[in-house]
Amino acid sequence: MQVYLSGEIHTDWREQIIAACEGLDMSFSAPVTDHAASDDCGVAILGEEPDKFWHDRKGAQLNAIRTQTLLKSADIAIVRFGEKYKQWNAAFDAGYAAALGIPYITLHPAEHDHALKEVDGSANAMAREPEQVVEALAYIINGTMPTRHANAAE
Amino acid sequence: MQVYLSGEIHTDWREQIIAACEGLDMSFSAPVTDHAASDDCGVAILGEEPDKFWHDRKGAQLNAIRTQTLLKSADIAIVRFGEKYKQWNAAFDAGYAAALGIPYITLHPAEHDHALKEVDGSANAMAREPEQVVEALAYIINGTMPTRHANAAE
Amino acid sequence: MQVYLSGEIHTDWREQIIAACEGLDMSFSAPVTDHAASDDCGVAILGEEPDKFWHDRKGAQLNAIRTQTLLKSADIAIVRFGEKYKQWNAAFDAGYAAALGIPYITLHPAEHDHALKEVDGSANAMAREPEQVVEALAYIINGTMPTRHANAAE
Amino acid sequence: MQVYLSGEIHTDWREQIIAACEGLDMSFSAPVTDHAASDDCGVAILGEEPDKFWHDRKGAQLNAIRTQTLLKSADIAIVRFGEKYKQWNAAFDAGYAAALGIPYITLHPAEHDHALKEVDGSANAMAREPEQVVEALAYIINGTMPTRHANAAE
Amino acid sequence: MQVYLSGEIHTDWREQIIAACEGLDMSFSAPVTDHAASDDCGVAILGEEPDKFWHDRKGAQLNAIRTQTLLKSADIAIVRFGEKYKQWNAAFDAGYAAALGIPYITLHPAEHDHALKEVDGSANAMAREPEQVVEALAYIINGTMPTRHANAAE
Amino acid sequence: MQVYLSGEIHTDWREQIIAACEGLDMSFSAPVTDHAASDDCGVAILGEEPDKFWHDRKGAQLNAIRTQTLLKSADIAIVRFGEKYKQWNAAFDAGYAAALGIPYITLHPAEHDHALKEVDGSANAMAREPEQVVEALAYIINGTMPTRHANAAE
Amino acid sequence: MQVYLSGEIHTDWREQIIAACEGLDMSFSAPVTDHAASDDCGVAILGEEPDKFWHDRKGAQLNAIRTQTLLKSADIAIVRFGEKYKQWNAAFDAGYAAALGIPYITLHPAEHDHALKEVDGSANAMAREPEQVVEALAYIINGTMPTRHANAAE
Amino acid sequence: MQVYLSGEIHTDWREQIIAACEGLDMSFSAPVTDHAASDDCGVAILGEEPDKFWHDRKGAQLNAIRTQTLLKSADIAIVRFGEKYKQWNAAFDAGYAAALGIPYITLHPAEHDHALKEVDGSANAMAREPEQVVEALAYIINGTMPTRHANAAE
């Protein structure tokens, strides 16, 4: 299975998930997470723009080739909302996934619950911690229950 | 043409656009814009929930029947980001429209330009004022140029 | 909006909903609810079959022309599970709607909750009573809150 | 070819089919068939719920990531209805497959024939025994006729 | 509902069905049934061709604009195979409808049963006489059972 | 039927076709054909740009809302290549229609035959004169053969 | 590339093409071409039927799992019409491919040209001999021109 | 990732890009770029035509099997417009990609900017030189910034 890791780029949540999923039969993809590169790729490659709006546009559309291609080909998306910033691109990705019928799991702190209710409402699961995402992916792939709960039964 | 008016619900931008488009051959749709009703519809109709998370979930999923049905059947979406709040549902709608190939116009102040660069990058146009949206719609439907510029030519 | 009323045919829940929705801008469709006609239409029209299996097949496939055409063209489906019988066709319709991205509301007593957890899990709402479906539809179309809760606010 | 084995989880029909298909060029997928894990995965991973309805919801939606992803990517589905329980998720899967144009074979005892007539009516074949499914799959892949009938001809 | 009447053009089966369906809420469409016009429309409009193959090609592709547009927008197709000729365009239309998920009813004499087994196998019903098609359509639209069988019950 | 008239904007071919089709049950749509308005609509409505490239971009994307919406909803497209200019937008529209399965008729002089061979190769018909398009549309809608050829037969 | 070889099963045209394409980067698929097995697979596996119509139905629907799965996943289809029989399944496959946008090449003698004009009209090429299909496939994959014409140029 | 290289065939831009991308995890596809073969493949394989129009048609439709199959399966398309010729097939490919949601990058000199404004307006990026396309692809795949700009930051 292909898993696309969308959203916040200022903490190492992607690395945590990828490392903890070692050994599972899945591959991971993500946007470019180097903030400066992501902002400036357009003008660095396609030519400078004096107007910041078009500077951003060139970068955003170049990044979109990567992100929309990877998201479209994913079986599952994880959409992370961190504590800071607007993070509208994460919500955009969630809507994109929803429209294409790609199931996604949100990952965010409780303080965002109300503001994210529509985004969570179209998600298949909401997690607070990367560890929960890892457990969810292990379950989805192999049916493995998390160790701490392995004896739980109805 | 069907136009869906997505996003911010605290100012009268929808009313401005609809009033100014009177006489054009288009119809408008929108989410429920009564904030309290939108938040509480789920529990009011389907039963109370002690946990705020599920209170919100019931409302969000009921609203989604309306919003996703109207958005899917729209020819054009206008996605408004106001000055306050996270407004992740607006970005979600933009992603949803993008994935379905529904063209959309964003409407937001300059201060959001950088944070909205991905959302703007998949849009067909970005406007600052409702008046510009009205002019764009009039042009799209009838080819009418705005009065102040009617003599512009290459 | 087009609303398809799927499932149980032994009580008058469809009539209740349709009557109570009078005045709302929506139209309703449904399978043939005359049980005998639904069972025997195939052989009555296309010729007798000595084997009950093919008798049923002819009827089921003729009914499917109606039901799948109406379901595919619906904006919303209501899927009713009554207290008796297997009602596998109702669950089939729910899966069909889910795959096509048509939002649906389930309508069933609490005793079915566990057995219907997958069907409810892909639904946008679960109701216990036809009255709740009516309120949900009124809200979806007009944003009208139910009278008993009209003062609720966050 | 990818074959998805949907439905009843209380007998070893999946193991029978998979074992007997050894050597055929096909791969098999299935939902998590550990009943307790399937019921409790949601709360075990994503957090406890005091209300059984939401306990079930969390599990159902987590399972749906697995089941809908595997079903969507299957070339063929086998949908098994056992002798007991409501098994609405099996009928849901059949409807889901039908809407996506994925051919499926039902597997059930004669006592369910009438109740499953709509589900059978959209199927490409109905089998009584796992052995027949194995023979059907061997024929579909290799054109091999079953030994007992290998001499049959028009 | 839109009904597309495909196939044989040498008898008046279309006229029989349309006349007998008067009063039902459905509309009918069909290919051009004037044989000479259908054969020669291409060259008559777009210019003569010395080679019969291209003469036919021009006509076939012009007719295809009509037939494929009408077939794609139909809710139901009736595919008639008469007693004579190859009628490959009728089988082509059946395959086209099947691929798009448009349900169709075949109409043909028993002598074609074996040769049409694949075409019938993807159909929702097979009728021998136009009268049966009329009864099927009346049932699909209104749930009306044919008079001669109105008292049949399980 | 909806007919979209794409391509060259310097002659009155659209007006000729629309006038000659009066009385036929079809409606026509087209891009904005006022050259100056089409070029300058973006900056006139959404704000001036010092760089001609972005001036053009704003206009092109605003026009695309109109053209792609109308083309997507058309049953048939007519794509006209005139004698002058690059007319890449006409070829773009032809490719767009081809990918969506919308049949189109090209309209161009013989001198373009070789350069348009790929565009003609995906078309259903190629016409030299607007009169031929009118005859083709009349035939497609009503089966009417052109007067000058009404007696042609195989 | 995947090539599906549809149609006539009484001559060795498939073997000729496959043998001559050795070394090209393509794989071939086909229906079951053992006539007796194809006719009787349904009842041999799923149980005898006294009525020939249902005998055929069971076989046709089992074969359809194979043929429609393979056809849907093909990049190109070759549709062969031999000199004898109705061969409606070949025309059905052509319509199926056309509706899905899968390009196909027909292969048939000149005597069928007029009767196949609609089927040829939606094809990308028409060939008389298997050798031409081989040359076409070699060209499509590698751009290789046939030896006898290698010096041809505009 | 699969990259389709569409358009101009008279310079070595494809070879430049492919050589410079060595080591990146992507594969390249393209139309047949031997001009004479591309023009004459149809008649060389399928039989001579006295009329140049049908000579071209046979070639164009044979080429279309290759080009549309490769374009449909591409993740990204590069569409090159050279300095000479009409190049309508390049614009056709751009429209085809746009309709399918395949992101594309245009590659053309500044003199075409105005004539290509619609084609550029649906593109994700516009480049002047093959080197820029290489840098864009390297960035899309690996997030690598071009050397000359590697230190750029917001």
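The letters A, B, C, D, E, F, G and H name the chains in turn, as written, and every chain counts its residues from 1.
As a convention for this text, a residue touches a chain if its C-beta (ideal position, glycine included) is under 8 Å from a C-beta of that chain, and two chains touch if they have at least 3 such contacts.
These numbers were taken from a predicted model, which means no experiment stands behind them.
Remark: rotation between subunit A and subunit H after Cα superposition is 90° (nearest 5). Judged by shared residue numbers over all numbers used at their interface, subunit B and subunit F contact each other through mostly different positions, with under half in common.
Taking the mean of the C-alpha atoms as each chain's centre, subunit D and subunit H sit 44 Å apart. Centres computed as Cα averages put subunit B at a distance of 31 Å from subunit C.
Rounded to a whole number, the gap between the C-alpha centres of subunit D and subunit E is 36 angstrom. In subunit C, the residues that touch at least two other chains are 61, 64, 101. The touching residues of subunit G, counted against subunit H in their complex, run 1, 75-76, 101, 103, 105, 124-128, 132, 135-136, 139-141, 143, 145-146, 148-149, 152-154. Contacts from subunit B toward subunit C in the complex involve residues 32-37, 39-47, 58, 61-62, 64-66, 68-69, 72-73.
Within the complex, the subunit B residues that touch subunit A are 52-53, 56-57, 59-61, 63-64, 67, 81, 85-100, 112-122.
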